[in-house]
């Protein structure tokens, strides 16, 4: 039985779990930064001037219409080649920020490139989900707020946005799930996340089936948990009247 | 910027080794996305109807199966179907078949929910009217509900195609010579022009997907206008 | 549950195992499918003029196909996909600068070696001169290579960053993301020959392993293996192996390297 053979030795399981840890940490950082950036872009598009709107729309169109793999190649291989060499050098040197209770380490360039690429990608999609949410709020709501004497920005901030976020929440969770899956592409730029770890375990043990099998289960588990969590939050946040 | 690295390799980036060898590059990207687009549309339609019309254990099994294909990273699915299915079942699917199958399964799983939602969005009144006329459930679906639902869903089929064009770049991991893979080959040969090459193919993908995006938007407008038109025209 | 699954798989495998001899299949199909590198001159790379994969490995593959009397079909591979391509039956042979190791020999069979090399490094001039410096450096390697495994085992403090193929690792080196890259010496020599600003780089004169390169053959295909070995020995005897070598590493090439290894010296 060359397929299963013995179970993976503990040290390879540790590799896979370390890779999974990086996948989770990267996903969490990307979801957080992507949400902030995406919602900021979305708001800018609603209340900003024409130039800002065009810039946001252009950014979103560009990011959403090119493959993430190509974007990661651009961030890792191309941007580093285009930046002035002094800056690349600085980005590549390890910097440590001592916080007293612990030190913050500057991430390796592949982590940085992966984070930036994934965050912009997630932000572009989240911005669109946010916009769909805003479009889902009935215009009468905004008109009523304006009639009550709120400024357009106040009406947006207090009336439209909270409802829009409630509508957009589940689609945004969908983007979080995509982010978890998308982190697998960073293995092509040398980031040691779960897919990378599974290929490394395969290289050393040749237990292809187990290496990919465990990685697949971990991905599915993470995606299922986040989805369930997102839905639970949505149920709790739903206004009392709308509860089924 | 070195423009020669693009112009010298333009033919290879567009059609691969063709006509002296297999089709590759942008042409293969279009073929892969076209085939998987059709397959995922068919699959999404069947599974979506199944989702909307089934209940109980059958529905739960379907939801679980669809959930698997929505949860697995496409890269992993491609590894599974390319390297592990042959070991498991002794059947060897060629690279292109592997990619089309993997993308169609994922695309179909996403579309299925869109189709089911489209069917469910057609008002209860229409269902009841159809049933009252003595039609069977499937007859109502086929003659009344589906034509309307499909028209409303046309944009999401096109959007799915855009997503598939981007996803075909993942065929890179098993050496299928689509646009991203041949670009990587050219990059590996030229070695010092990654910016030129990857920005160029980014622009190619962008132009392609933006065009489809516009098409989807136009279709969406058409779909919104269509019911009003049909009401305006005397029967 | 796992037992049940394992049983199902075992049943399926026993069905798959009852296959005809691979050599007969190759003859029947009239095609020998070989995995070779597409981005690693002079072992295998896409010729810009013909758009076909050419190189030292491809020449040896062609000789084997000629011996069987069938057409050669070359499939591109990166280092990491070599073993899965072979074990999943996607290709009949792997000729892709494939280092013979005991571990790999449990999964597949190897021919006698047809090439020899050692694991070396490529770095910007002045960064690396001896193996002791490796611990503590960020070093680019290729996924799925013995280089990656040896480096991690023997220099545990070196930070290994693994890429899909050597040129990607080189781009990372050029951008300063890693301080050195590791590969078999001849492959690095071949790579450096293609780099426009090669005067900035060097291959320090030390190696951390001796590698023999062989043809990867599916496990248990004895007739196919015997035929490959016979072909390789004949190529050496007739002088064709030397001709192939000179075509890619001879004095008139971009990467001249003296031929020290003869096929059959090390079985």
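To keep things simple, chains are lettered A, B and C as they appear, and every chain counts its residues starting from 1.
Rule of thumb we're sticking to: a residue touches a chain if its C-beta (ideal position, glycine included) is under 8 Å from a C-beta of that chain, and two chains touch if they have at least 3 such contacts.
A quick note: this is a predicted structure, and the numbers were derived from the prediction, not measured.
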item: Selected interface, B-C versus A-C, where C-beta contact pairs are more numerous; value: B-C
item: Farthest chain relative to chain B (centres taken as mean CA coordinates); value: C
item: Euclidean distance of C-alpha centroids - chain A vs chain B, Å; value: 22
item: Mean-CA-position distance for chain C and chain B (Å); value: 36
item: Residues of chain C touching at least two other chains; value: 9, 13, 84, 87, 164, 168, 171, 174
item: Chain B, residues touching no fewer than two other chains; value: 83-84, 87-88, 184, 187, 192, 194
item: Per-residue overlap in chain A, given as positions that touch at least 2 other chains; value: 3, 77, 81, 188, 208
item: Chain A contact footprint on chain B (complex, rising order); value: 67-68, 70-76, 79-80, 83-84, 87-88, 162, 165-170, 172-173, 180, 183-184, 187, 192, 194-195, 198-199, 201-202, 205-206, 209-210, 213
item: Chain B residues touching chain C - in the complex, by the definition given at the top; value: 8-9, 12, 16-17, 20-21, 82-84, 86-90, 92, 174-175, 177, 184-185, 187-189, 191-192, 194
item: Contacting residues of chain A [partner chain B, same complex]; value: 3, 61-62, 64-71, 73-74, 77-79, 81-82, 177, 181-182, 184-185, 187-188, 195, 208-209, 212, 215-216, 219-220, 223-224
item: Residues of chain C that touch chain B when the two form their complex; value: 9, 12-13, 15-16, 19, 38-39, 41, 45-46, 48, 50-52, 75-78, 81, 84-85, 87-90, 164-168, 170-171, 174, 191, 194-197
item: List of chain C residues in touch with chain A within their complex; value: 6, 9-10, 13, 80, 83-84, 87, 103-104, 106-107, 138, 140, 143-145, 148-149, 159, 161-164, 168, 171-172, 174-177
